[in-house]
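What follows is a group of structures, each given as structure tokens.
Here come two complexes built around subunit A, the first alongside subunit B, the second alongside subunit C.
Entry: the complex of A and B
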């Protein structure tokens, strides 16, 4: 696999650490969260394998290009629109969560409009960038932010504030029957790789997904999952962990680095994770934007500056919906909608893979 | 191409105009803020079921050189709830009260009951209060303790903070409890949180922290004595600097332990799964710090067994005392829950078993030398 695919995967995992998924896990902590996570871990790796393998035959081609080659318009257009909506909502969900977190913990006195206004230029610029530049930005942020983020996460494991007794209590619930919501939320952790439906046009080299790659993805997933689920339980206690709104924010606030540059880890933590989340929103919306563009087939339109005009329309629509929902949605709604959204993910993934199977078969014959 | 460059210009102007909106410190300058360094909570005298909140506010001064002692202002107000009292206190000062740097919450001894949860709630719910703030009990009242300004307090510092968290004071007699830890332990089944108890001397110019309180639902919270606090700290939290005096006949030995480690297992009774006993093993390593007679290095083994016997007795006494009061500061119940596969009645089984549980303690003292002289 290209290194960019790993970057996409990891950025999605990190952005989810803070967003809605931990809360969903904790809500089900006594109803089979652990066993489901183990099952979903294997499913996620399998999905990654299936995706990479199905794109193997088409190096340097994105999903819209592949579909238009082998399938009729009647299938291609709805598929692209549905995928575009899914990717848009994925970015939107992260955006709302982060605006909420910023308002609550970093600048409680700032107006919500101003916080949104700070997001708009940066993310808009990200969306209209070329795909190639997005990947380079991704790499840059990775070099800058991920080592530090990884350092803090690893540090958590050795912090005396983590009570491993609570972690062990959480583990004693291993024998409960599995739960679908947890399954889908875990699967979403692995959705980062699915960004290649657009970025594959830049990945000209043929990709392989063997045992080695599977092992890397599995270990990354297991580590991300273990950290997401067990560390907040160790810090906040098992019995009431489901009552916290942003478990990870409270967790990072509970960690003290006695001789760190800043004793309160939360500020460094928030900024680092914010950078990665910004990136994640940008990537998802960029993918959504490209999907919509090819769904409406703007290449064929005979208007001057069609590319620019479509981008402007897209950006305006994206932000109108985003601003409206950010202002309207309460924390409870967000939790509920995220659950519905996550429940869709495994179905969409499976459908996409089966579609690719059909395309692969047609391409061979 | 022209459009592209125009859009870029537009972006640049947009980003730059964003800078104009920022005027530092989230719209309030630092000289418009008052930094609260500690909060004290007492039962209200005039409001029924209310609280009296006292804030210790650090006052700014020009340069550290100019000020020989730190200067503080104290604000007090009674109210039905903590949040309400703090809101009203905001009307007593000309600046914004900034709670983000508040590091110590001091609670009156009598308030350390189960309803603590209700007022601790305020501190957790507010995003800007640190979860790594220290929580401590106060005797005789939180207000008195807050108003103590020890002679050792340096300018631009707060003595209350230095006691905890092992940055300055590292004594095994000082228990450190963070706000998040208190919340975790209150809400968890099978452990009772332990808070340090801050006292002052008769002159009111010293802070003394060497006792601690076990928080439980009862009216009168159980206070751990100085010795018990030391044992609690070194057994559970591996504090260093544990000293121990052994007396045998005319021989007096002061032992310095640098390491102590406690491990324990539950012994299930036959038939039912309920635990019958706790098999505890304590290993302590250290050197002899002081003696009133000449010591021989060859006789270390004798001193070992002497000390072991004595430490065992003290630990047993402490454990049974906690058991009689039905308190569990060590979190045995939590560990019990953690080591069994979950069932509905796991915790009730434990609760039934704990009062009759038998402690089997073995202590292994390993003296490594007699200090720098024999």
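Entry: the complex of A and C
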């Protein structure tokens, strides 16, 4: 697999820490969260394998290109639109969550309009960039963020506040029956790879997904899940963790750097995650943008500046919906909608892969 | 041409060229005559080496016996330049310092030019302790000589070009044929030939015009005066552009990391270089972000700093009558003025200006409670770390960036600063230099990854 695929995967995993997923896990912590996570972990790796393998036959081609080659327009267009909406909502969810977090924890006096305005120019620029450059940016941000992130993770695991007894208590609930919402939320952690439906057009080398790659994805997923689930339990306590709104923010805020210029780890966390969340939004919206562009087949239109006009329309629509929902949606709604959205994800993944199976079969014959 | 008069009167072609040059004072029309032999010379005495002309043309003319011999002699001289077609081109050659020699119908151009500024200069802009101490000269021939002297390979190609501007300046593309990408050469040639400018003064403004965008902030090609940097870049397949009369060479294409590279990095051991590089990048981030961090931390989220430090900062700002961003803008503009002033002044005065500006005004500003002590530290740190960036064009670009980031932070706080930095990163990644990506990471093999992009 190209290293960019790992970056996409990891960025999605990390971005999920701040989103609604930890809360969903903790809400079900006494109802089989752990066993579901283990099952979903395998399912996620399997999905990654299936996706990469199904794209193996089409190096350097994105999903819209592949679909238009082998399927009729009547199937392609709705599929692309549905996928576009899903990717858009994925970015939107991260955006709303992060705006909410910024307003609550970093700059409480700032108006919500100002916070939205802060994101608009940068994200817009990110969306209309070339796909290749988005991957390069992703890589650069990773390289810049790794030292801080590594420090943060080490700090978390070795913090005195982490009570491993509480982790042990949580582990005793391993024998409860699995839960679908937890399953779908965990699956969503692995959705990062699915961005290759667009970015595959840049990955010209043939990708392989063997034991080694599967192991890497598995370890990444297991580590992300373990950290997401057990560290807040260890810090906040098994009984209390359910009642917190943003468990990860509180977890970060309970750890301090005794000798640092910055004392509270939360600020490193917030700013680091701002970068990751921003990338996540940009990537997802870029993918959505490309999907819509190919769904409406703008290449065929005979208008001057068709590329630019379509981008302008897209950006305006994206932001209008984003601003409207950010202003309207309450925290409760956000949690609820996120759950609905997550529940939808495994179905979409499976459907997409079945579609790719059909395409693969047609390509062979 | 009139056969009968050609031995006594200058031929028509000669006269035609001479009349076109006529009004100028330094034109010399000479007819050498010895028995029945006649040679017509036309040159500009301000650009021709008189001694050489005397030694090579005039003296042998009177010492030789038969006329045929002299014509052959002139043709055999190593100084001959290719005869262009068209009057205009011949005239340009004459103004460059060629001597127009006409013997009967045989016309020859002899390159006997004298260039006043062909001494190799010391490297001032990019000094290093090790490595070559001398840079380039202001004459293109000397510069080519400097490069050839260090790069003995038949694949080193020197491709002369002439600008279509007012000054008809000579420029040369220099590259290693085996390493350069043909596509890149094509782009650069096209860029140069399609330039529409009145006058190119030297490599600095050619670099700007080649950038192709009026409002771009970051340089897409690099100006250097160091031969080792030229070779370093040529060896990885880049193209060097020399302009006659300019002591700088243009290197294209360039990536962001090229601007952060000092040639000295090649001359030290690994750990020393790692430390220096770390310092350099730390300096880069400091000089871009520090003013914004100050604004973000003092005006938006003081709780980021540990309590004692936050209190120190707050205490230091007691008495400062305006918000932090005005303070920062004020001090930054002050330091920019100081930098500009000390750059433009002669060396002996600039030291005084810096002392007066830096020390006395700084202290006075703090005592007058116009700014805080910490702000003075921040600003000095920013000014110092700006100079860590080895290439001055990047230096200027970064100075502009600093203000843009400061504006974004002033509007949106610390989160705005992070987003602003990301925006800057996006801008840099999205930029390209002669269709090569400007900023990207290379892990394994640079060439291999570039190839993977193309395939």
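Convention: the second predicted complex is superposed on the first by the 363 of 365 C-alpha atoms of A that agree within 3 Å, B and C clash if a C-alpha of one lies under 4 Å from a C-alpha of the other, contacts with A are read in each partner's own complex, and residues count from 1 in each chain.
What we mean here is this: contacts are C-beta pairs under 8 Å (C-beta built on N, C-alpha and C of every residue); 3 or more make two chains touch, one makes a residue touch a chain.
Model, not experiment: these values are computed from the prediction.
By the touch criterion defined above, A:274 reaches subunit C but does not reach subunit B.
In the superposition on chain A, A:165 makes contact with subunit B only, while subunit C stays out of contact range.
Touch criterion met: A:236 reaches subunit B, while subunit C stays clear of it.
When the two structures are aligned on the shared chain, A:358 is found in touch with neither subunit B nor subunit C. Applying the stated contact rule after C-alpha superposition, one finds that A:250 touches subunit B and leaves subunit C untouched. Touch criterion met: A:204 reaches subunit C, while subunit B stays clear of it.
Contacts of A:107 after superposition: both subunit B and subunit C are touched.
Of the two partner chains placed by superposition, subunit B and subunit C are both touched by A:263. By the document's definition of touching, both partners, subunit B and subunit C, reach A:125. The residues of subunit A shared by its contacts with subunit B and with subunit C are 107, 110, 114, 117-118, 121, 125, 263-264.
Chain contact summary for the complex, subunit B toward subunit A: residues 3-4, 7, 11, 14-15, 18, 21, 26-28, 124, 127-128, 130-132, 165-167, 178, 180-181, 183-185, 187-189, 331, 334-335, 337-342.
Per the touch definition, subunit A reaches subunit B in the complex via residues 104-105, 107-110, 114, 117-118, 121, 124-125, 128, 161, 163, 165-166, 168-169, 172-175, 235-240, 249-250, 253-256, 258, 263-264, 305, 308.
Every residue of subunit A that touches subunit C in the complex is listed here, in rising order: 3, 102, 106-107, 110, 114-115, 117-119, 121-122, 125-126, 129-130, 132-133, 136-137, 139-141, 143, 204-205, 260-264, 267, 270-271, 274-275, 278-279. Across the interface of their complex, subunit A is touched by residues 300-301, 303-307, 309, 411-416, 418-420, 422-423, 425-427, 429-430, 437, 439-441, 443, 452-453, 455 of subunit C.
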